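Common to both upcoming complexes is chain A, partnered first by chain B, then by chain C.
What follows is the complex of A and B.
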């Protein structure tokens, strides 16, 4: 069984982002970019499935600018076998990505797609579920445990009140939560090997997908800053302030 | 405009987030219909019908909806969506699961996690863990939206008198099946609903200490317990306690952050709280930048002192 893993190139999670002065977006010039952390978890999970014989091939796919190649190479350094880049300079929103991934999935015919549960730039948490709907597949989002058996994926999901386990018929779509696994560090030899693995480039036009955005960004602004607070000397002062100033004690 | 709000509930009671979502719907303006899909949930439908501002309740009561599966809820919503200008659900693990399926099947964008309504087609939403706010306008015919509950007040639970109409549920897809559920049982309020949240991080050091130190304080304040990702990953607290960009978003009256550093991903989940208290032994910890009241000290000394001082308070 082939596993397809969509990976997104995003601003590294350690970077303190800056809102562009003209309100058009977020500054990305000279900013460190990395693979979306949830997608690293997705790649790791797919590679583990192959390592334990439950999958035969791991294909990673990224949609976006040419530099997404770096993200794809990073995924192949973790252990993915080959990569597909859907190259475009156009702004891509989740529905457009889902439609591109749908076209790629139709070519690749995977038995399982593993997405991240959310991209840490747009915080949309949509693409995987949209892709599942377009494919007509079942889905298991926010997975913290995944097992494959008898043509089904048995998935433990992190939900607001606790955990839920569902069983989904394959082919299926899974999205990863943080506790699914801890991705390995890519070793230097594996980074070198990844440079030689196959990377195919496609375009939205070649896939016949219209990626025109449906949401127009009117402006991007900085959130209101909290008033800076005070340090209190001790517990007695803290309780006094909470009682008399903040009035939060009952 | 006609707005369809998908209710979140546990078949016994409407979850409070539904009331916040109804308020977001009323900001958009127009007739509000609430869909209650569940099993043995007529009481929930009656509660939804009593919410101020709701004009109609649709009740889909079927065994298949006892534990709602994304494929089936999406199919039901699609069957009911025509004629509605907007479809809204809370941006919880419930709403986030099926709403993008609804959007994709309608071939429209979804606007995730809105915190403001500027116009019926224009919404404000946080991006980059809340470090930026995007104002976006949707050009689609149907707006599919998830709502950040903490950004909208709860609609009054009474004052309404909507009609309740039963609707037929489409046959289940059979693509997935519910197996089991483990819900954290607690006498405490849930994170999303609590007036006070006591949250602990890696500084607590162990599950025993997390409970031993934080529970007396939470008990005294009637608080929910929260946690940083590091505390959850280390096994001090269950996953549903995680507050942050990828955990739960909370905005209580009082948030007490104990032994957690205040990483941006954590701040994303709590910085809209009304009053923030931080207790940390590192005076440079970033949590102090958002705290109204910061106390530098060892939590193992300070928290028991705080419990004793609160016990000495009148009332």
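What follows is the complex of A and C.
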């Protein structure tokens, strides 16, 4: 069985995000970029499936600028077998990405797609769900455990107040939660080997997908600055302030 | 907070400046293309930051411990981290692919080594010693020894040690007394005690391969009667698996100022009838082999000086931006400001930063030369590079470790009283740094090597060749028409003149007044490092200036680089003539017999 894993190139999680001066978006000039951490978990899970014989091939796919190749190479250093880049400089919104991935999935015919549950840049958490709908497949989102048996995926999901275990028929789409696994560090030989693994480049045009944005970003702004605190003399004053000023007590 | 972040941006700049491209073009280094190197540095940065750095403080606090049973226990987390380090191929990054290494160029290995050392200096010593032992075995081991040991040491499955020092034989190895008695089967029985054996005992790996200096019966006195032996902790079976426990034991661990998680062992050989060992190379040539591999070890210790200085700098920068004290000088009343606003704190931070950058680029230029010396397609190219390497090894080792100490001390100073408190972390860097200018040859030993073998022996030829290169950079700075670059040119020009004067002094007086030259050897080493670092910082400023003129999008980084180079010129290079005076005129008082 082939596993398809979409990966997104995002601002590195260690970087302090700055809003562009004109409020049009986030400043990405000379900012360190890396693989969306949830996607890294997805790659790791797919590679583990292959390592224990439950999958035969792991294909990673990324949509975006040419530099997404670095992200794909990083995924291949973890252990993915080959990569597909859908190259475009256009702004990509979740629906457009889902359509591109749908077209790639139709070419690749995977038995399982594993996505990150969301990307840490826009936190949209839409692409996986949309892709499952486009494919007409079952979906198991926010997985913290994944097992394959008898043509089904048994997925444990983290939900409010507990765990839910569901079983979906394959082919299916799974999105990963933080606790699904702890991604490995790539080894030096595998980083070097990743350079030699196949990377195919496609375009939205070649896939016949219109990626024109449907949403307009009106404005991006910094969160309000935190006010500095005050020292209260006693509990009575604290209670009074919570009631009269913060209005959190009645 | 006592985290470490690999200085990737500066490292990438340095790789560009010293010519990674030319190194990758050398035969044998084709795999080290820019994109692969980029990916490798990224992953090394992640691993060192996330796995090794968090163990630095606990390693210091707990340290390696020796039990009554002679077993050495490492602090929690070290075993798992070492396994990961080895499994992920970092141990063999610079080793020959024929033995399972990745064959990365010295230049790239140096960057990754700096990250490992910066993240956790005590940890870094284990692979450092293994690398030295691998080099010695590759150099002089028989095919049989290589077959049994090399691939297992490259993979990190087994680690290595270097056993040179004995209580009476420190810097003076001629006094080595350990004995090796030949056996009918071709092996030897080793007897003696070795001290200061780094990672001499631990359980991070399945076996430990000790390389031991000892004398065979009837060997000549002095350094020409010392041979090198391979003595494994567990004697390998025919299939190479670790077998019977050898007669070598750790009898004590030293209590040290720093690097507490690096077990410094007293090793006893042959207390129980003799440790089994095998001769490595030819009899009586042990010291010679040591000297050949010493370059690599000395270079690596130089990197430790840089690495610990970088970490101290990061800690100090963080604190100076965070700590609010006083108001802006000259502003009268006002809000309290972060101490980074205070002029003297800025001076300390820039003194740290500019010297770290200068040391890093000089070390990288030396690493690139090591690559050219080993892989350049033409003999003349190899020789030229090797001459530069030989000259620079004592400078990189001596100057980077002395300056590393200065920087770590400044790191404490920036923190004020908080820096003297262990919990802050700055004190550990200072304690850890203090060994770097001692082991693998003290600064005095490096300076003697510099003046005698590297300057006097060839009549100053190699040094003068570098001086010619330095002057061409001065000319380029002058031609730039930029005020900052011209100020750097002036300071560099004065520094080069001071260096040239000292080289002339050494060459002129070495035969007639060796003691006078040696009295100024350490100041000369300091001057050499200072000026060579200034030369490389000037090259950095030229490249940064070029980028700024081209409206590069990273203008903040490049502006900071020019400022750093300017600061270095005004505060560090400017002291060159004082050092030159100490070199050329300082011996009169030093050698006065009133000090007895």
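By our rule, the second predicted complex is superposed on the first by the 229 of 250 C-alpha atoms of A that agree within 3 Å, B and C clash if a C-alpha of one lies under 4 Å from a C-alpha of the other, contacts with A are read in each partner's own complex, and residues count from 1 in each chain.
By our rule, contacts are C-beta pairs under 8 Å (C-beta built on N, C-alpha and C of every residue); 3 or more make two chains touch, one makes a residue touch a chain.
Just so it is clear, the model here is predicted, and its values are computed rather than measured.
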{"item": "First, second, both or neither for A:231, with chain B first and chain C second", "value": "first"}
{"item": "Partner chain in contact with A:191 - chain B first, chain C second, else both or neither", "value": "second"}
{"item": "Contacts of A:89 with chain B and chain C, given as first, second, both or neither", "value": "neither"}
{"item": "Chain B versus chain C as contact partner of A:246, first or second or both or neither", "value": "first"}
{"item": "Of chain C and chain B, partner touching more chain A residues", "value": "B"}
{"item": "Partner chain in contact with A:74 - chain B first, chain C second, else both or neither", "value": "second"}
{"item": "Footprint overlap on chain A, where chain B in one structure and chain C in the other make contact", "value": "none"}
{"item": "Residues of chain A touching chain B in the complex", "value": "11, 13, 16-17, 19, 26, 38, 93-95, 98, 117-118, 120-134, 137-142, 144, 154, 157-169, 172, 177-179, 213-223, 226-232, 234-236, 238-239, 241-243, 246, 248-250"}
{"item": "Residue numbers on chain B that touch chain A, as the complex places them", "value": "67, 69-71, 74, 92-94, 96-105, 107-113, 122, 126-140, 173-184, 190-192, 196, 229, 232-233, 238-240, 245-246, 248, 253-254, 264-265, 271, 274-277, 283, 288-296, 302, 305-306, 309-310, 313, 315"}
{"item": "Sites on chain A touched by chain C in the complex", "value": "14, 29-30, 32, 34, 70, 73-74, 77, 185-192, 194-195"}
{"item": "In the complex, chain C residues that touch chain A", "value": "5, 8, 31, 33, 35-36, 38-40, 42-43, 46-47, 51, 84, 87-90, 92-93, 102, 104, 553-554, 557"}
